[in-house]
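Here it is, the structure, as structure tokens.
Every chain is named by a letter (A, B, C, D and E) in the order it is written, and numbering of its residues begins at 1.
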Amino acid sequence: MLSMVVFLPLAVAAVLVLLPRLSDSAVRWIWIAACAADLILVVVLWLGYAPSESGFSHEVNRRWIPSVSSGYHIGVDGMSLPLVALTSGLFLACAIYSARETRRVRAFAALFLFLETVCLGLFVSLDLILFFVFFDLSIVGMYFVIAGWGHRDAARAALKFFLYTFLGSLALLLGFIGLYLAATPHTFDIVELSRQNPLAGKGLAGALILLALGVGLAIKTPTVPFHTWLPPAHTEAPAAGSAILAGVLLKMGTYGFVRIVMPTLPDTWRRYALVFVVVGVISVIYGALVALAQRDFKRMIAYTSVNHMGYVILAVGAAGLVASSAEQARHLAITGAVTQMVSHGLITGALFLLAGALYDRGGTYEMDSYSGLAAQAPRFAGLTAIAAFASLGLPGFSGFIAEFQIFTGSLGGAPVSTAVAFLGILITAALFLRALQQMFLGEHRSPNGAFRDVTAPEAASIVPLLVLAVLIGLFPRFLLDVIEPAARAVSAVVGR
Amino acid sequence: MTTAVFWLCAVGSVASGIAVFRVDSMARATFALLLSFLFAAVPVLLLDLTYLGVLVVLMMIMEMVVMAIFMIMYMMNPAGLMPMTMVHNQKGSLVIAVGTFLVLATGVLLIPWPQQERARPDDPTMQLGEALMGSKMLVMIVLGLALFATIVSTVVLATHRGRYDRYGDQLERDRPDDPIAGGL
Amino acid sequence: MELWSLVAAPLLVGTLLLVAGRRANRIAPFLGIGCGVVVAALAVASAIGRPSVNAPMLTGIPVSLAVDELSAVMVVTVAGVLLAVLIYSAGEFGADEPRARFFGLMLVFAGAMLVTVTATNLLVLLMAWEVMGATSYALIGFWWRDEHRVNSGNIAFLTTRTADLGLYLAAGAMLAGGAGGLALADLAQLLPGWRDAATAGIVVAALGKSAQLPFSFWLSRAMDGPSPVSALLHSATMVAAGAYLLLRIQPTGWAGVVVAWVGALTALLLGAVALVQRDLKQVLAASTCSQVGFMVLAAGTGGTTAGTGQLVAHAATKSLLFLCAGAWLAALGTKDLARLRGAARGDRVVGMSFAVGALALAGMPPLSIWITKDAVLSAALHESVPLYLTGLAAALVSAGYAGRVLMLTWSGAAPDGKTLSWQHKAPLPFLAAGAALLGFEWLSGAVWWELVLSGSVAVAGIAVTTAVVRRQDALAGRGRVLNRWLGLEFVAQRWVARPVFGLARLLARFDDRMIAGRVDRGAAAAVGLSGVLARFDDRVVDGGVRATAAIGSTVARMSEVRVEFSLERLVRAVTDGVRRLGRLARRPQTGQLHHYYAQAVVILVVLTALLIVTGLR
Amino acid sequence: MMDENPLALLPEILLIVAAVFGLLLGSYLPRQRQWLVRFVAAAACAGTIIATVVVWFRPDLTVFGDSYVVDVSTNATRIAVAAAVLLVLCLAPGEVAGAARESEWYVLVLLAAVGTIAMAGANDLMLLAAAFLLASIPLYALAGFGKDALGTEAALKYYLLGALLGVTMLGGVTVLFGVGGATTYADLGEGIGKAPGAAVAVGVIALMAGLLFKAGAVPAHFWVPDVAEGARPVVAAFVTTVPKIGAVVAIYRLVAGPLSSGSVDTMLLIAVVAAVTMTLGNLAAFFQDNVRRLLAYSTISQVGYLLVGVAAATGSELARPSVLLYLLGYAITNVGAFAVVCALPDAVTLDDYRGLRRGHRWLALSLVVCLLGLVGTPPTVVFAGKLTVFTAGLDAGLGWLVVLAAVNTVASLYYYLRWIAPAMRDAEMDGAAVVRPRAAITACVAAAASLGLGLLTGPLLALVR
Amino acid sequence: MTLQAFLLLASALFSVGLYGALSQQSIVMIMMGLELMVNAVIVSAAAFWFYTSADRPDGQVVVLLAITAMAVEMAMGFAVTTAIFRARDVDMTDMAADLEG
């Protein structure tokens, strides 16, 4: 079942590539249908979610490379299931949104379906090698998306993206190998590794492995100072690519922290948690400040991603400061971190799609080129405003649920850092208000004269994302009920 | 006596070896080389390796003759006698060569070489023959193959007219069609 | 159930109206007023029934709402004022205006306020609190084509959100301090250090929301919204929320002292500000700060009942006054006091209502604020005499500005203007009645001499100012500092802007050395921009916020330019290095065989040496 | 003394017989029907694979007086070489069909293959040296097969470098024999243990000179780019792939066997060579515009990674399986990349590949798969190889080397992407009009095999364990 | 006569040969240098056999191997020289340097 969820898009992608004659519209419909089918499967999966004693549901464990104890081990738990759902949802949204894509539709669709498989596969992997395989393939897939369908400077940006993140992935690989060698018997199995806790008491080795994993994941996340690939990649990528990049791919980094680093290196994590707290806070403040200075709408959103991912790092770091934080606080922090991943995926995904719509009409992301768009495109303005407010953490949207948990859970462990991080939501508020004011309010002005309001496909792709964000913001239980047991498990491992 | 012979031949061998690169024509160089080999074969003979020593001598004579012919036939320097200096990077080469020699000589003199006197076979040639037919047979087989490969390779590289040039693409001619009789 | 409906009804209907947008313009007033009526009914029902509800939300932190004594008063007040304002608004906006948006926002705003006053834990409180802030932004910037109004909304939102950070801090501190459910009632039981942090956070948030010193200036800008918005914002909601929260948590110890003094000083100083404003709405805004100051004073001195009374009385009074001001604005097209001379003589309903409101505001016996304010002062006297005297002085000033507007609006001939619709006027008498009568509930337990004293102070204040302004409005524009809302710009410039300018210049110098060319010019431009901002914008009332924003973006630009650049430079240096190495790596491949030979042999010799050396070791 | 079962060498014998028979057959075939020889050669390769698979699980044995070992390494080499040769034979027609010496071309390929396998299986220094000759000499002829200016120059350089280093290797054999008292590895190991270190060091270096020449590693890598550019592409594919397999296995056998007991630090030697090789290869590839030179440098860097696994020979149990897996993956993927080059004979520079995707979708896809495979992107088999090699390296305590290898891998991405990016660009392809279909199919097959074997990593690793 | 003496001779021959291989331009002259180096191998192998392991045939086989290798290499050398001479009329390595970088 789970394998089907993961590989259905790939199968469809193969069909798309192999079928010789398909009109563009047929390709689009097949694409949307495949994504929808996958989403339905995920929903069924969610409804049937019943974690076994190991904490995982739909677990599959096949031998793959037994010589190095690596297997096709997949399963979902409370941490991966929401991300799986987010992934399939966001990909469906992108499929719908891309109905207007006219350049090489077939390849575009196949690439996105391939990426979907890769992303889903990563989130369900319970084996380091499997994780790495998907991690790397995601980079490859995204490279082609940016290079093939990006804006003017796309080739450079794509190259930068690839080199940076590939470097990160190799650091990750080294860390994985270190974990493998530390375990007795050697294994790449995440569940087994977290059971063994192989590096307990091995100070330097643990620190080195943590360094490798930390750098690898931090580049992907990205945190300051490894974030420099992000703005060009986002600026040059096509809208759907940006949405996936920010919405799903960035989560791979943070997900790696909660799925791999914390359970397998609890002692080391505790010892160096403060480092992550500080990095998180710096990312929060730095990302927000730099975003504030942007004049380019898409770049601005890209930098807010740095800010938002900073919260996640802050939370997981603070959860490691076990001595000074209560059990409940740790739960909250980790739950908040996972919630933030989902929330950021939805909201930033929507924002990037909106940015795409903006570019589509005005041909530029420069905010100064627009003014008073609310007059001509009230729905577009309304959607952007909702997304912006959701992104700045207004209660009633998912971002608040996530950030509140993060702040509340982290303050006990890292009071000063968390208090500094509060400033992040203030700066974010300022920058979004400024952006809204610049582009939508005041006298009307836009580069190409008339400014069309949102089209049906755009609305169909963006609105559901925001609706979900509101749903989570108001009735988070359906999500938190899934996340919390898993967060508790991680918290228990880190706290032991 | 043997010591004297050895040192004489050794010095002669090295000297004529050096001469190879000092004389000013290829033909002379060839003969200097031959001389060096002949000198070097004597010490081998001194080591009871009659068969191999003779083999070296015979091989070298053949080879040098071939080389001389080769040069005279193919090279721009028909007689192989015209003065010539065709060297490059002489200083560097000299440094490297001298350096190598110093390293090797130091090693030769300083290293405590294993000096176990083992029982010498009565007939070294017999020993060699048995080895070739026994434990080292595979070496010889592979060497044989290498020779086979050499034949094929040299033919491929050196001849510019193959069977299809001589007998036609379908090998239909009874007699080869050669510009010069003999197939070259 | 009624509690759920109470908070859900305005939120749902409001959201519905917002989503529907233009299509709902026609039915919006009916839906809005209908909803207002339902809410009022439910509010009364809840006030009587005192329900409490619970639903799970986060780990160990539920959504819990309850109506207790304090909340009961609040919900009824909020519902009442909301209804009045909604009825008034029906007259204010024509069918061609975005009424759906207006009514939707108003309902959502009121719903958030209702949640705020019924919340029993910090999570719910914070959610509602922030939603209130955001909707206030949308309401203040309602006429979004005007950049100035949007700016005002921004400032209001950002200022209050800055203060809101205190609530985030409080939430974290409560959790860390042992109150897992974040229940407000548990505040006192926290571990000592965390208790102080949580209290401090809540106090800051409350002071920000209720526009106390030093956050007062946002309220001035909030006057850019439509009049009904001001009426709602400045009476029973928003600013009242801060006071309510302080009354709810009853700060003690150092917090009590701080809160009490902030309240008293705000009451006094912002009263003085109100005294010299030229604009009616600005007078009312400053007076709001001042009056809320009394509530805060009450909260700081343990006078919860008194503070509540003041809140309710002020809510009725101030909504009435704003609606009157709005009515005049609609009728006469101005809110400038100089041009409003005699306005009260025009439409008698409005004029009389305004007079009642102004007198109540002045603390004129036997009107409501006379009684409630006296209760507050009495509580202050329990704490300390200086506090009491400060409060008394503030009361005198209140009487002064109220007398001034009263005198100005009633003297002179009535100007000509449009006639007002019945919706404009309908709520006014009811509110006037409330302003006059609501105080008696709090009469019991008052000390007679205090009542007499404050009553005479009010009379004296009115008498003095009416005398001063009868002929000519001598107070208008007096005192640069007061006129500019206490010259907060000076404070901002001295303590915020100037140090950061130093930092900016430092960074700029640093940049000069680090970066050349284009980036340099960019940095210089940024510095220049901040300079311009500092010189001119800081003069205006919201200088502090503007300067902070400018500094923020300057610092942001700097940090981006510098750090991004140096990171980029690092990366570029690495690439350049690799590039050079790449060229170098091809150098050995000369094509000359003897070079290959020599290199191979040399490397082999080196390797031999390496092996021998490592072997010897 | 001959207690041997010649059938143990059946795979090699098949190739030899095919070579001899092919030469004879070729002499009687019309020019256009020489494909029969190719068929014979292919059949021999297939036979070799089958004969190897059949005996795979037989216990290790040594033949001809301990001079040759048939174990997992040898068997894996047989299969990798035979598979690579098969792929090369598929590529060949476009280049050599109808040539006057077509039959001889196949014969030489087969002989070189035998030599390569013999190097891998050699358990005796002399056999190693003899196999070196057998593996080298046909390649000189192949390099100069076209007899054009560049081809003969390539052959000349290849030959002269090979001759010098071959002689050096002979010197090394002699020195090691002198201090070790024997040439079979087993006896040599004993002798070396007591021998003076400096002499062993000289001998080892001299011996390694020849082996590194075959592997194309620093300091004997100079021939690789020149031959890859000068020779025909199909020859380049062969010489940059097949000999390396035998050389790396031979080095591994030496390092893990006799040299491990000596007083010299061979692990360090190999590690240093690996580090320099991969770095130099990558750096030099950075700004290559000629695709063949670029691939040549890439093969140099690949040898560097392979040597990481070899360096771990004594430190990790995973070393041998990892090296063998990597070799197999490398062979297939590298031939695949060259196959793309062969398929587009007119495309010489990176720029000529601009817009390849539009005209030749599958070829472009194969190119991407093969190049990313060479980077070590999952799920190709080279990824599995790299992963296990890195693991072995870390396990053996060569952390610095593994980190360097990882950094190098990232750097290598740059030049592979320099090739991929124009190929995937949406432009009209003007560089190369001619496409050789058979080579294109071979490229696709190799790419598919690279992916497929990647998924079969588990069973493969279990087999070579 | 000792082993050292023979090895010294071999070293000298090897170095001379190396010098030749490095310094000569003409392909044939380089080959001569290589032959001198092989010569050194022959001498040293014979000496090693005689002085250290005369009871085993390995040394002799090494000598034989060296002789064969020399022959094979020389044959190839001539072939390659012929080929390049035909193709571009050069017999010097310096003139064959088109492949570089």
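One rule holds in what follows: a residue touches a chain if its C-beta (ideal position, glycine included) is under 8 Å from a C-beta of that chain, and two chains touch if they have at least 3 such contacts.
All values derive from a computational prediction rather than experimental measurement.
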item: Both-way neighbours, i.e. chains that touch subunit D and touch subunit B; value: C, E
item: Chains contacting each of subunit B and subunit C, listed by label; value: D, E
item: Busiest interface, counted in C-beta pairs; value: B-E
item: Chain ID, smallest distance between chain and overall C-alpha centroids; value: A
item: Centroid-based (C-alpha) most distant chain relative to subunit D; value: C
item: Centroid-based (C-alpha) most distant chain relative to subunit A; value: B
item: Distance between the centres, which are taken as Cα means, of subunit C and subunit A, whole angstrom; value: 34
item: Subunit C and subunit D, separation of their C-alpha mean positions in angstrom; value: 74
item: Approximate Å spacing (C-alpha centroids) for the pair subunit A, subunit E; value: 64
item: Chain centre separation in whole Å, for subunit B relative to subunit A (CA means); value: 70
item: Junction residues of subunit C, two or more chains touched; value: 586, 589, 591, 593-594, 597-598, 601-602, 608
item: Touching two or more other chains - residue numbers and ranges from subunit B; value: 88-89, 92-93, 96, 100, 103-104, 113-114, 130, 135-136, 139, 143, 146, 150, 153-154, 156-157, 160
item: Numbers and ranges of subunit E residues touching at least 2 other chains; value: 14, 17-18, 21-23, 25, 47, 52-53, 56, 58, 61, 65, 72, 76, 79-81, 83, 86, 93-94, 96-101
item: Pairs of chains, among all present, that meet the touch criterion; value: A-C, A-D, B-C, B-D, B-E, C-D, C-E, D-E
item: Touching residues (chain side subunit C, partner subunit A) in the complex; value: 21-22, 56-61, 123, 126-131, 134, 137, 141, 144-147, 150-151, 153-154, 157-158, 161-162, 165, 168-169, 171-173, 175-176, 178, 180, 182, 197, 549, 552-553, 555-557, 559-560, 563-564, 567-568, 571
item: Interfacial residue positions of subunit B with respect to subunit D in the complex; value: 103-104, 107, 110-114, 130, 133-139, 142-143, 145-146, 148-150, 152-157, 160, 162-165, 169-171
item: Residue numbers on subunit D that touch subunit B, as the complex places them; value: 1-2, 16, 19-20, 23, 27-32, 63-68, 100-101, 104-105, 107-108, 111-112, 114-115, 118, 124, 126-127, 130-131, 133-134, 137-138, 140-141, 144-145, 147, 155, 178-179, 181, 184, 194-196, 198-199, 202
item: Residues of subunit E touching subunit C in the complex; value: 18, 21-23, 25, 93-94, 96-101
item: Complex interface listing, subunit E residues touching subunit D; value: 14, 17, 21, 27, 30-31, 34, 37-38, 40-41, 44-45, 47-48, 52-53, 56, 58-59, 61-62, 65-66, 69, 72-73, 76-77, 79-81, 83-84, 86-88, 93, 96-101
